[in-house]
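Two complexes follow with chain A in common, the first pairing it with chain B and the second with chain C.
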Partner chain A sequence: MTEPMLSRPRYPGLSADPHAKLNLIVCEGEGAGAVLDLAAKAPDGFFSRAAILFCATGASGSTYQTKLESLQPANFWVLPSIATAMFRLKGVLATATMGTRLYAAGTEPFIGSVLQEALAVGIDFKSVFTEHRGSAKRRIQCVHCKGLTEDVTASPFTCAHCGLTLFVRDHYSRRLGAFQGVCVDAEVPGEVPPVEELYP
Partner chain B sequence: MGLMFKDETYRGDFTFYNSPEAIRHFPFPFHEDKYMYAVNIEPHAPGPKGSAYEFPIDVDEHYVADMKDRAIVLAEDPLRCQSLPHMITAEWDLVELLMTSMSEAYPEHFTLTRNGDAWHWINRPLGIDDEFTFGDTSTLRYPPMEYITRQCQGDFCLLDQRDGDLWMDSGMVTSQADWSLDFDIGMSFKEWHAPVPLAHEVGIFDRALKFLLAMQIGRPVRRLNWTMTINPRLDTSPENYHKWGTDRTTVTPENVGDKVHLRVELQALWRLPRSNAIVFSIRGYLIKMREVATIPKWSRRLHRVLKTLPPELAAYKGLTRYQQMTIDWLAKHDDGAPTTPGVWPE
Partner chain C sequence: MSAPAEIRVRVTEAEAVTPAIKRLKLVPVTSNALPDFSGGAHTVVHYTDGPRHVRNPYSLMGSPFDSSAYQISVLRVPDSRGGSALIHDSVNEGTEITITSPINLFPIDRRARRHILIAGGIGITPFMAMTAQLDREGADFQLHYAMRCRDTGAYWKVLQGLYGHRVHTYFDDSNQTLPLTRLLDGQPLGTHLYVCGPAGMIDWVLKTARHAGWPDENVHYERFAAPPPGNTFAVELAKSKRTIEVGPRESVLEAIEAAGIEPQFLCRGGACGQCETAVVCADGTLQHNDHYLSDDEKASGKKMMICVSRFEGARLVLDL
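Showing the complex of A and B:
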């Protein structure tokens, strides 16, 4: 590919907003590493104005949990899954005031979910600080049945809903937090290219 | 002169064809013997009598069949028509634009009577006679954009303008060349154009966006885009690609003339007065190779365009499987004579 995928958000990395009244930091698995790196360069007192919402997925979840806690954020919540983390985020955003800065770090589908919650309360996606860490796995929307398949690491793959064999098109929807999946053997049924592990 | 609306299909037995008048009416897109993407935007000014450009909104012999096909698509997949809540004013703007254009251009088929906000709309070809209050959605049987675009040929997108960009926040898209409104809704100009090859790098979308942001009320513009379709199928959506994709393997040297269609989109844009949104209409026209060959200049030119088409464009448009067979068929209709500049038949 000669150009970046222009519908896909970029994740330039976390940096501290010194003026925010509340730094709302949402992270998942390896994304905790990005928050620890942020801590190394954040101004004094940053975490006293921060709430960290941590989704402890992956093998090193508990190690990260201890390290994040030692940053002594004003609030620290640990949730067991993306779904529960998003439920909590929704609640926090519902009462958030002006001057709240949102941060998201983790896999791309996780960041995508955070941006969807932000969109729902009218936060401009460009104002959210994001950093991609961990697996390159993708969330894919099947363009045919509209079902979302999570944790896709290879192409082509089987739609978890309708069972069609899909390839991943270079197109991303922020509204859906997902890439587009399109039937790979629509023209000659059964003619499927070999599976490649493209997003490990 | 009243139009004769044909009873024809865009699916199943595919009885669609063009009368000789409809062939002369076709907006042939190539003004020279080669093709590449460009910022091909011009004023949407009235064109020659009988052409697709005669009126701002073109209604032709396929009108009733087009509207029937749209109704079938919507019954199967309501997500082809979506609108974000803040677009309601733009939806009403569109009702006004289409009703006034259609009734002024084709008074024998459409009549609009306005008395303040009390409007009376008569659509004779579809047997519709409705009185409603302009601005009051509860007085129509569908939301405003859906109501009027179920009665107007072509797909429509409504673009909200904010933050120096255009946002695809609304649309009626049932006859698209392989893109999904449901996926693209809410995207910005460059986001929804992301899959297009070659054009971003040479700044085409930068310049086009800048131009559109400065569009003014009363100065509509237009451009043409094209692709090819196997069988006269309007619904070549990605949603149904797993159903129509096999069409592309059914082309043989014997059936090129009837199966392979040039599909041209006459895309017109208007700035809307109340909402400041832009409406983007994508009016598709289909023509069989056999019909193209009745205009010698067009078959010569299409042959040369297809022969020299950049491979990235052929792949993006999905022509690769049948491109060579079509070139071979058209070669029999190209004697090598020079063609005159411009799109009109000689």
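Showing the complex of A and C:
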């Protein structure tokens, strides 16, 4: 099992598009660090054409906020949760035009949510620049009840909706922005392997 | 795996659309229907008349919703290797020819919110099928079509009749230029751009789009290179243990086919990658003429696209 799974998304890291008319940067928590690193290598004037949408989760949220603000983006919004950040992103995308480059940095579920919004307006996921920072936690869809469980760090875990014990697979759905969880004790109910903290 | 499946067809209409463009309608000889295709697909026409021979790719320009016949347009290229001239001279109503099953290397991206099609000259042909498909599907599209002049430009009146204000024409001889920069400005997110035409036009559109901040994923093009002529050279085939001479007006692929070997191909124009062949040994210079291999791959000298690329030097051995 040395080959990476093809359905496993890759996040190659942020790099600056020198031609974009609007750099729309969406980041969460530790993802702000990726934006600050990008600032170190971005061409002059990059942030004067940038809008930053920062979801200030985690302990260091306010420190990052000050640092991001000092990049002097043309627009800067701070939102308290993924849900509010996605609502704002949806609004910005609805009127955005070609020449907009989208960047997403943060945890995998966060990037997944950004890519879902992108997909809805016809942006190919390959044209979104992404960087994974922070927790390895996953969003999981239970293949049995279809319910989504957020912030899963261990496998197996209990589905928040139907209560089945689910094994976390590496199979990822871009449409849902989630991995798959499959009942781990279907053959012999109650026979559950030990819980491993795989995605801290 | 071998070359794509071939279909025998008969020409039922042969029309000189302009002095240099001949339209052919093709129906199957033995069945009632041809394979389905989607807008942007092409077929490779194979026709032999005595010593003269043609095997060229042409876009299917009929409606993808009509599988009873295909239509292609053949531009007579003055300095060509004679393929298009052969079709103009000797393919007429009633002639039987062989074509390959359609392959689409230039498909519509159905996720797009808007489609902007840019055609130059004979590059209009794939868009004939695409517009039929987009119109039927109720998609938001616009066609921008640049031509030399009203007389030599093909199908623009037909297209205007079908799609009205969605068709924009530009004629060189009236000093009308395609306002590309303005066109690319302010388009809604999720707009896709498609271009087909002369190499210079494709380069211009790709460059302008990139500078306008359009992601590569939203820009599609079809570029079939005609195999360029060159000096005669020999190629040794390691597997079949034969040495074949490639003449000045034929490609490696054509020379190998003439020797009775059928390598894989789809586009015969250096675009699809299907004919990629490993180079066992090259004592000399590989002349890469394709748009498929990356610069690094070209520099490595380890592979070549035999449909368009050539060789100059002492010895070339291919893994065939």
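Throughout what follows, the second predicted complex is superposed on the first by the 200 of 200 C-alpha atoms of A that agree within 3 Å, B and C clash if a C-alpha of one lies under 4 Å from a C-alpha of the other, contacts with A are read in each partner's own complex, and residues count from 1 in each chain.
We adopt the following convention: a residue touches a chain if its C-beta (ideal position, glycine included) is under 8 Å from a C-beta of that chain, and two chains touch if they have at least 3 such contacts.
Because the structure is predicted, anything quoted here is derived from the model rather than measured.
Asks: Tell me which of chain B and chain C touches more residues of chain A.
Replies: Residues of chain A touched, chain B against chain C: more for B.
Asks: Does chain B (first) or chain C (second) touch A:Leu164, or do both, or does neither?
Replies: The first partner, chain B, only.
Asks: Name the contact category of A:Glu131: first (chain B only), second (chain C only), both, or neither.
Replies: Neither partner.
Asks: Quick one: classify A:Asp17 as touching chain B (first), chain C (second), both or neither.
Replies: second
Asks: Based on the superposed arrangement, let me know which partner A:Glu28 touches: chain B (first), chain C (second), both, or neither?
Replies: Neither chain B nor chain C is touched by A:Glu28.
Asks: Which partner chains sit in contact with A:Gln180 here, chain B, chain C, both or neither? Use first/second/both/neither.
Replies: The first partner, chain B, only.
Asks: Would you sort A:Leu93 into first (chain B), second (chain C), both or neither based on which partner it touches?
Replies: In the superposition, A:Leu93 touches chain C alone.
Asks: Which partner chains sit in contact with A:Glu108 here, chain B, chain C, both or neither? Use first/second/both/neither.
Replies: neither
Asks: Which of the two partners, first being chain B and second being chain C, lies in contact with A:Val121: first, second, both, or neither?
Replies: In the superposition, A:Val121 contacts chain C only.
Asks: Where on chain C is chain A touching in the complex?
Replies: Residues in contact with chain A: 111-113, 184-192, 210-218.
Asks: Help me check something: in the complex, which residues belonging to chain A touch chain B?
Replies: Listed in rising order, the residues of chain A that touch chain B are 2-3, 5-8, 141, 143-144, 146, 164, 169-176, 180, 182-183, 186-189.
Asks: Under the stated contact criterion, what part of chain A meets chain C in this complex?
Replies: 17, 19-22, 93, 96-101, 119, 121-124, 126-127
Asks: Can you name the residues of chain B that touch chain A in the complex?
Replies: The touching residues are 79, 180, 182-187, 190-195, 200-201, 238-242, 244-246, 248-249, 321.
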